[in-house]
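By written order: A, B, C, D and E. Residues from 1 in each chain.
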Amino acid sequence: METPDQIRDRLLSRFPGAAVSLISNPGPAAQHSLLLDAADARAIATFLRDDPGLQLDFCSNVTGVDWPDREIVETTRTSTPDPAGGPAKVVEQKTKRLQPGCLEVVYHLYSVALLHGPVVLRLRTGNRSDQVSLPSLTPVWRACEFQEREVFDLFGVVFEGHPDLRRILMWDGFKDHPMRKDYVEPDDYEWEPTPHGDVLAKAKRHYPTPAPAVVKEEPKP
Amino acid sequence: MSFSDPSPLSAAPGASVRAVHDEFHGDLLEVSMGPHHPSTHGVFRMMVTLDGETVVKLKPVFGYLHRNHEKIGENTSYLGSMPYTDRLDYLCSMTNNWAYALAVEKLAGQAVPERAEYLRVILAELTRLLNHTCLAGFLLQDCGASGTPLMYAFREREKILDLFESLSGSRMMCNYQRFGGCRVDAPAGWLDAARALTDGYGSFLDEYEALLTGNEILMARTQGIGCLSAKLAVSAGVTGPLLRAAGVAYDLRKVDGYGFYPRFDFRVPLGAHGDTYDRYMVRVLEMRESIRILQQALRDIPAGPIMDPKAKLRGFRPKPGEVYSRIEGPKGEIGFHLISEGGPNPYRYRVRPPSLINLTILEDLCLGHSIADAVVILGSIDIVLGEVDR
Amino acid sequence: MNAVLILIALVTVGTAIAAMAGRNLLHSVLLLALAWTGVAAFYLWAGAEFAAFAQVLVYVGAISMVVLFAVLLTRRSRDEAAPGPAGQSRALSAVMAAAAVAGVLVGAILRSPLAASPGPAPAVTVRQLGAELMGPYAAALLAVGVLLTVALIGAVVLAAGDRTGQPEDNP
Amino acid sequence: MLGSGLLQGLAVTAKNFVGSFHDPKRFVTTQYPEEKTRLPEAYRNFPFLVSENAEDPMGTLRCVACQICEKECPPQCIYIEKSKDKKPDASGKQQIYPAVFDIDTAVCMSCQICVEVCPFDAIKMDQVFELAATDRFTGLMLDRHALAKPNSYFHQLHPTEAAEVDDRLATERKAAEEKARAAAAAKAAAAAKPPAVPPPPPAVVPLPPPVPPAA
Amino acid sequence: MSAAATTSESFLERAPLLLRDAVTGFLPEPARWLANSLLSIVAVLAVFGLLFAFLTLAERKILGRVQNRPGPNRTGWFGLLQPFADGIKMLTKEDIVPRAADQLLHFLAPVTLLALSILTFAVIPYGRHLVPVELDSAVLYFFAAGAATELAIFMAGWASHNKYALLAAMRALAQLISYELPLLLSFVPVVLATGTLSTTGIVAAQGGWKWHLIPHWIVFTPWGAAGFAIFMVSALAESNRSPFDLPEAESELIAGHLTEYSGFKYALFFMAEYFGMCALSGMAVTLFLGGWQAPLPVLEFIPSYVWFAGKLLTLLLGFIWIRATLPRLRIDQLTRLAWKFLVPLALVNLGTAAFWSLTSAWSGPLQLLRWAVALVLVAGPFLLLGRGLTAGLGPRTYRYA
């Protein structure tokens, strides 16, 4: 099978205007992925499916990843040589930078015809609040139907062109997207017999006075 | 839900839904099958629209058993997610364990000792036997046999569960695999017991097939029902016995060759029609192949350690990276997608549930068939709600 | 004996009237079945065992099922009441049909020797009945048979004609 | 021929019907409350705390309230409060002990991870399975008195594992004693040193501050 | 219970009559007739009520043993008190009527069903002297009463105001219409051969033995065997038993027409199903298996009603055995089986029976020819139609990757 950068090069030559970049995976698995931009995603996906050299006809896995806004602290060291000829003076300068978050959808593609894979595709939304639309790849691989619904349900990515984009695991009236990192679970505490940690905090909030009867340590005869 | 928008993807016959009211035919009947229906295998629900008894529209409804497994996985340590994988497909906890352990091992670049690999193959094939046996029983139960095939299936299943119990301490929630090996070694006599079970399983299958495979009623109920084309199967991401019943030779044990599967001699049975009968028979034949693998594995299993000595139980923090790893579970391709940021918990923990994705084609298979067939088709897809809803 | 007859007659006529007057179509059908049973009871009272049981078997056992099927398959909504009074032409044809049936019945009654003494009913065995049907009345039996066959084929053609154009069941 | 498959099936059921009267392989039912199947040694259900001495279970718990199990427990069913003081353990060493050690068996999924992560072999898996209680909250919440079981009980349940654990503990203790003896000898050699402080509790993770009881 | 006992019969044979006379003998004539009739009703209800109770137990035990488990064994010795425990449970359960249900029909359905199935017991000859009602056209009466039972099932399904129940009602109707015909056609040859519609007459016609060995039961003729098979298959369907239990198909329609029934009404349905099964088996015994006749002359010392009971129980065992084994048919396959297989077979069988009775004078080598022709007439259509029915179905071979 072609390596991901070969595929990227081929894609760039086939789709001149498209932005395809390689995202390398530092782990031992070394499953590098291709980041596509939303505009060309479906055309590229169709190409990958139908290209005789790749024939990625099987979309195994579709999933979302939430990357919240992240404050990145960069430390830059500037060393100014001491004119007196002593050791260089090192000045550490910390700059804070806000890396904007996004929602990412990852597709793992394999080829049943040629028995190779995986080719990993990534799509990223503009941000996590209002630009959350991505093209649906369900018309290319039917396997995405339920999985994209799940990503929509749990992450809040809106797939344009999906035939039946409804919530799948949560109920229809549910508001939030539980798999987002900043999801706050609803305050629906029921008293549990092991109040400690978070549960204890909730227990105190819900049962201010008197607190629920915790099993007291009674020395047994 | 309106009736005028059938899923544009459904290419099955009968996909066009006529108007609800029709002067000559009377009403379409909308039946909500589930979540408390006896044959939806748990809390699955199908919104079925019937024309007489013919299914003209079928929408699966999920989520009654949803507990956000993936969120739990992201808030639990790598090790702590292992017992939760038991509860995905609670018939196949051993393969779930293996799939997860394999993913983490790939993420952290760990090796597994030889004996542990053999044990994993043995346990995975026993799980396959267990799952397919149960499926055959449930399928026949859905066909209306009054419990007899199911009880026979469960009788044999108990024997496998006994093996699991004496090895891992629990019948269904095994929690047995660890990153870099297995938790405990097989106790004395366990391998002999497994050999005895394997050798006796063939005769059970013979009897089971005598009971049902040649049965005219079963054939009438399953042959030609719910045909799945190879093209749709691949496109819809259908995996496992369903895919092979549709005639696609795609078995991850052969394709990926994970574990020690390349060392074993076994064949992959393929169906020609993709109907319910093929799905049933492919599983029966797979069981016979599993017996062959088990016999080889139990013959060849070496002595030695079962745990990578470098493996860490506490304070396990893989380096940043990402992995998608999959194995051939009894129900299809079960995969885990993990992203590590270097912390004790995975940053992203995703399960690729074969049961859920195999349900994509449920409507296509059921359209145009009667409601009785829909139940049997659902049974032949083989779902476990713990995995569908997660 | 007459008390029994009056009772049977009351039940039969009463259920028939109720079946006609009822607004619930399903109840009407079931009442109709009861009326047929009443007729059978009358046959039984008259000593015609065979006719009575055949009446139940055919009417209660089969015809009522067919009527139920028709009712269930053609109604639009299960809670909808029976159709209201129809137009003029429909009423006219109904009256004409009723008049024709009544004419035949009255003619038959008038011609039968009702005045004869109500002596003991002749003991008719099944064998005799069969012989009669296959002998003097064979032509009538055949005619009825042909009529029913034609009706059956007509029904099949009607039902099958609707099927054309629809996809056949998947093999 | 039509019906041959049906007859074959009928023959199988007849065989099973007859077989259920004489063949124990076919008739596998156990009449549960009267008969019980023998549990395999590996069988696990709910954890218990190992104490060295059956007479004084609270005084001889192996647990030192290090709270690793509480942290690692996937469903978070363990609740530990460290003691403020120290008490001598079975070997007479001064140790912190769990003032509160609760396990909510309604939440516990018997996954055995607490056992695996415990560095002191203080928590082991029990084999109880008849824990039905009429009250969900109190009946299934086991405190340390209910959880403490003597080491002999552990031997009874898991003889192989218990023997291993005892061996390991004995060697560790011996090694510690030898080390202590060597240290004492060294101390004697350097007699001018001040008296040794008691060794710190062998906690391996930084301990979180104790949580006050909810009541 | 009419026929006078001859003195040559054993005491046991006459025991029921003697018992009856002991109870009602002192009464004057019209009252005695009434008392005798009431006594028959009570006797039939008591015997079949108990049979129902223990049949449910037997079914569960046998089903259990077939499935390699003991079945109910906790209530009483070997679980013998289980039916009574079940009965008490059923009686004390709440009777739930859905608010949207048709209250009247919902109540009437189980009552009608049970009444109709009890009516069918009236004409079965249970022994030499044990016929509750002698009717000239008893067989017709039997099927007339039986035919109306599905009407009650329909009432139950429709009145429940439940979609599953409604589907079950439709299925019940289709099933009845389909299987009424083969059921009726399968016994016509018996009537043809015996020349009577009276059950006692039919049993009497099957008396005697050929060479003191082979009884003259109708099932021992080629057409009789075929008719018996058709009758039993249709009887399975008529009594809604597996593999034809479509109206209450658990895996599809929850419990079909019984979905909205609970408590005692449910028990009534249950009872009616078993009564129907017993009645149809009893009729099968009467029509084809020689009724109360003993199979061998030397066995005649055993009272006739014991023989009847033995044959009845054997057939019921067959019902249970089939239930333990077979999966369910689909509704279209069910009707296809009736119209394309059983009805033609029954019609051909009528011809075979006619041939058989026309050639009754044949003897010697002609007798062999008679058997050969009849067997061909029975087996030929069976094989041909069976092939048509299973066209396209069959075991398959599989390839390996």
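Quick note on the criterion: a contact is a pair of C-beta atoms (placed from the backbone, for glycine too) under 8 Å apart; a residue touches a chain by one contact, two chains touch by 3 or more.
All values derive from a computational prediction rather than experimental measurement.
Using the contact threshold fixed earlier, the set of chains in contact with both chain B and chain C is E. Simply put, of D-E and A-B, more C-beta pairs touch at A-B.
Each chain gets a centre from its C-alpha atoms; the one nearest the centre of all protein C-alpha atoms is B. Averaging C-alpha coordinates per chain places the centre of chain A 73 Å away from that of chain C.
Each chain gets one centre point, the mean of its Cα atoms, and the points for chain B and chain D are 33 Å apart.
Between chain A and chain D the centroid-to-centroid distance comes to 39 Å (mean Cα coordinates, whole Å). Each chain gets one centre point, the mean of its Cα atoms, and the points for chain B and chain E are 44 Å apart.
Touching of two or more other chains is recorded for residues 148, 152, 155, 211-219, 224 of chain B. Not a single residue in chain A touches at least two other chains. Within chain E, the positions touching two or more other chains are listed as 66-69, 166, 170, 324-326, 332, 390, 392.
Of all residues in chain D, only 2-6, 8-9, 11-13, 15-16, 26, 28, 40-45, 68, 72-74, 109-113, 116-117, 125, 160, 204 touch chain B in the complex they form. For chain B in complex with chain D, the residues that touch the partner chain are 76-77, 79-84, 86, 148, 152, 155, 158, 162, 165-170, 173, 175, 183-184, 187, 207, 210-219, 313-314. Contacts from chain B toward chain A in the complex involve residues 7-9, 62-63, 66, 68, 70-71, 106-109, 232, 234-239, 248, 250, 255, 318-326, 333, 335, 337, 339-340, 347-348, 350, 352, 356-357, 359-361, 389-390.
Note for the complex: chain C touches chain E at residues 26-27, 30, 33, 40, 49-50, 53-54, 56-57, 60-62, 64-66, 68-69, 72, 78, 125-127, 169, 171. Those residues of chain B that touch chain E in the complex are listed here as 29, 31, 37-39, 50, 52-53, 140-148, 151-152, 155, 211-221, 223-224, 244, 249, 251, 254, 267-273, 277-278, 281-282, 285, 370-373, 375.
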